[in-house]
Amino acid sequence: MKKIINTPEGFITEMLEGIYAAHPDQVNYVENDLHCLVSVKKVPGKVGIATGGGSGHLPLFLGYVGEGMLDGCSIGDVFQSPSAEQMLAVTKAIDSGAGVLYIYGNYGGDILNFDMAAEMADFEEDIRVESVVAGDDVASGAPVKPGAKNTRRGVAGIFFVYKCAGAAAAKLLDLDNVKRVAEKVCENVRTMGVALTPCTVPRVGHPSFELADDELEIGMGIHGEPGIRRGKLIPADTIVDEMLNQIIDDLPYEKGDEVAVLVNGLGATPLEEQYVMFRRINQVLSEKGIKIFHTYVGEYATSMEMAGASISLLKLDDELKELLAAPADTPFFKQFQY
Amino acid sequence: MLQASDLKQIMQHWAEVMGRNRDYLIELDSHVGDSDLGLTMGDGFAAASKAIAEMDETDIGKLAYSAGKAMSTAVPSTMGTLMASGLMAVGKALKGKTEMDDQTVADFFQAYFDGVQSRGKAQVGDKTFLDGLYGAVGVLKADAADGKPLAEAAKRAAAAAHDGFLNTRGMLAQHGRAAGRGEQSRDLLDPGAAVADLLMQGFSEFVAGKTETVE
Amino acid sequence: MKKIINTPEGFITEMLEGIYAAHPDQVNYVENDLHCLVSVKKVPGKVGIATGGGSGHLPLFLGYVGEGMLDGCSIGDVFQSPSAEQMLAVTKAIDSGAGVLYIYGNYGGDILNFDMAAEMADFEEDIRVESVVAGDDVASGAPVKPGAKNTRRGVAGIFFVYKCAGAAAAKLLDLDNVKRVAEKVCENVRTMGVALTPCTVPRVGHPSFELADDELEIGMGIHGEPGIRRGKLIPADTIVDEMLNQIIDDLPYEKGDEVAVLVNGLGATPLEEQYVMFRRINQVLSEKGIKIFHTYVGEYATSMEMAGASISLLKLDDELKELLAAPADTPFFKQFQY
Amino acid sequence: MLQASDLKQIMQHWAEVMGRNRDYLIELDSHVGDSDLGLTMGDGFAAASKAIAEMDETDIGKLAYSAGKAMSTAVPSTMGTLMASGLMAVGKALKGKTEMDDQTVADFFQAYFDGVQSRGKAQVGDKTFLDGLYGAVGVLKADAADGKPLAEAAKRAAAAAHDGFLNTRGMLAQHGRAAGRGEQSRDLLDPGAAVADLLMQGFSEFVAGKTETVE
């Protein structure tokens, strides 16, 4: 296990100390608990947006707390949910009377704790809480049927949910409308990932799975959950085609649609390779007559030092375009109005 | 009759059992999940035990509730939160009791089961912790009604939990990470059910030890 | 070699195609050569700033072309200098009459080519060109003596040179003053790196060096140049102390100084670990009475998939503080005024 | 007498020699540099040769200049740019010449040396390409003045270049990446000087082959 850490046990606490020390003008913590992170700026009358989840995915989740995006985030240990109490602490701190929206990924542990927290916020604090659960990973379950439970995992596509819901809240839309926007993004975003190497949870000390030197796994989740198929390393264009076609067929994205694209590095895969992937994405989408409104490339949701990448598409309408293009200023994501 | 002090010892014994089975649970969870179960159960029961060890409290319900709260704060993983929900539900059900007869012991595990079920919304057969505990609760209830000695009932309950665990092989996972595997999940044993198995083994060991000491 | 590429030969061209496709509103190329990248915005009367160097270091170099930073960049193959002709093409495209400043790292190949390009710009095009060569890597040579040739390599600290010189040019300072700012930053910035794993140049096909599973190398360069010492993996705080003390003693940075800090990931090292490092940097600097003005953490200058990180300190005066805090908007670096 | 067509053949032979020695140069450069020298010299001389192979040009100077330009565009590494500067300097020095006698051959390599030196600003003894070429130029000049046959002079020049290359072991590197190694650099052979060695071997082979054919 080759990591720049002190001890596996202190890893997350020390990381959080680093984050607060590095960004004192943007984030702070409440109730004396480093795991309860909030924006230093609180806007009266604005819907508060909270997220949360396990560590090990920076800039997910806490990195998107700031102007134009999220208001707070509770942080768990590596790949582990924060506790309901921590979520409640964040909820109390960010509520400014307009209610709080939880946006988080579709994982059992997170659901149980956010549900517990929402109950507590309602009963103990009289704060109205709504929840939107992102499940964008095409590789992780059957297509979502209207009304049915979504069994898919939430992965990098949640960035788009944060961005659009955050912009909606910044416009002082009410809780129902911010929730509506978040749900609209969830319905229109799809993601698929590929892994080339595993990552190691510090406290476990060895990689969570093995991949041979010439192997990759299409569809692997951001905690190393099994994907769709394991196979020999193939050229970048072939990887992209396989992933993108499954994404496109799933929604489906169609000729004439306008989309935002996110190419996301899982940790060890260089930006150079992510751009090689985007080159192909751009070719395929233009062949299919799908127009790219805006492109994001970089590390948006990682698995520590895992090598690999994911592709997300978000189908846009005028409302989402406007919200996506709005400015944002967080420790990890900054965007000028475009 | 079990007292508040016995609950403290049971919690401590469960913490030891989970600690001892750390690698076993990690291994089980690694096939289907994220390999954390050995860590979370070890830490979670240790925190629960520690939280009540020094408490000057004779109310078994309050102790169980406090143990659950500590568990939920310490290990908010799926199983951590479910075990917390179980203990907290026990707390609500047994609030005010300072002693447990054999019937109350059965109620203890029934409340634990119900707490987990209402939080996780799973059904028996969904390949979860519930499948491990279900049969054991039935045995405890039946044996208490029949007036069988607790040590014997606990031993039979542990065997039922072990069977319940083994029977998760073949079930289709409906919850958690395993559900993502679809049909592939059938071949695997459910790690959460293994925790139910360990809980009942631990309880049976505790009762056996206590019986020996008394006799 | 586990990379998401098509062929080693096509790697850089395809990466560049990806970049132009992803950021059409910010960057473009000239003379039909993808390796000659310029900002789409040209400000009359502004000093043009050009950089250049080998590929494999994204976001270095080309990623900093945009508003408030650089105007153009010539790009070579992996770890290889672009050609003098390519530099000249960029120079011609970005000159708007106020002259052009070259800012690049102290590597033999780059120097020879930028010198050739500057001669050509002067003789053939009558464009006044000045050059500032960054050599901030403390591990790579003896302390710089005034007037003597700096033998040190340029590494991540060049980001600060770009940022401040770019802000100076954006204020329409003249060439001499933009050069003066760039030189001031060079004199006041120091960097040191640590490597945990090598990286592989695609056309070479195997790692450029080996490090045992429990080894690191302090002071290694961003192309794998040998560092100061190789040793067993040690705790993060010990690594930071060793690097930081050498940086601090070198300038030296002293009690009462105000600095900007850059923690830079080399490619595979997760942000989490970079923040664990910053936590210790913050402790050490505050013990020494050195004040942190602003902190940057992330991947600013990489070596593809190398694991490791570098630390840079920049000593600030009022002028540099103002320039550092100015806004910038490039494909890879965005900052609101702070 | 060598003609423009001979220069084309020399360039082609150099391209072959560098291609053949790809891994050798990579290996040498890997100890001290970035392992690219085998790639850059192979590609660079190939590009230089290709650029002039089909040119309808009898001016040796113009051919050398064009070869240098092509080299500089193809491989702008340290050695690529220096070899380009060498060839372009030859171009300037021999402009207008359509033939080379033995004295002009010596001038060719002197101009090559000067072009590299004025671009890179290194001195003999600085552990660079110059140390490989220096002795060879001296031999070519002396032998031309003495009227020795070119084949013999080229062979002796190649030997001198080889010695020059071997003698870089022990020198302290003053330029490029190797300089960063300080005293450690002494133990290593200079990869750039190996290129000078290969250039002179290649030239000697070319002349020997030509002489055989003629005789």
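Just a few scattered comments:
By written order: A, B, C and D. Residues from 1 in each chain.
Basically, a residue touches a chain if its C-beta (ideal position, glycine included) is under 8 Å from a C-beta of that chain, and two chains touch if they have at least 3 such contacts.
Nothing here was measured: the structure is a model prediction, and the numbers come from that model.
Chain centres were defined as the mean of their Cα atoms; on that basis the chain farthest from chain B turns out to be D.
Centre-to-centre separation of chain A and chain D, using mean CA positions: 56 Å. Between chain B and chain D, the centres computed from C-alpha atoms are 79 Å apart.
Centre-to-centre spacing of chain C and chain D amounts to 33 Å, using the average Cα coordinate of each chain. Residues of chain C found to touch two or more other chains are absent. Among all residues of chain D, none touch two or more other chains. If the chains shown are joined wherever they touch, the resulting network is a simple chain of contacts running from one end to the other without closing. The full set of touching chain pairs reads A-B, A-C, C-D. Residues 2-7, 11-12, 14-19, 21-23, 25, 55-56, 58-59, 63, 194, 196-197, 213-214, 233, 235-237, 239, 267-279, 282, 295, 297-299, 302, 304-305, 307, 309, 329, 332, 334-336, 338 of chain A touch chain C in their complex. Of all residues in chain D, those touching chain C in their complex are 26, 30, 34-36, 39-40, 72-78, 80-82, 85, 119-120, 175-177, 179-181, 184. By the touch criterion stated above, chain C contacts chain D in their complex at residues 76, 79-86, 107-109, 112-113, 115-116, 140-141, 151, 153, 201, 203-204, 208-209, 221, 223-226.
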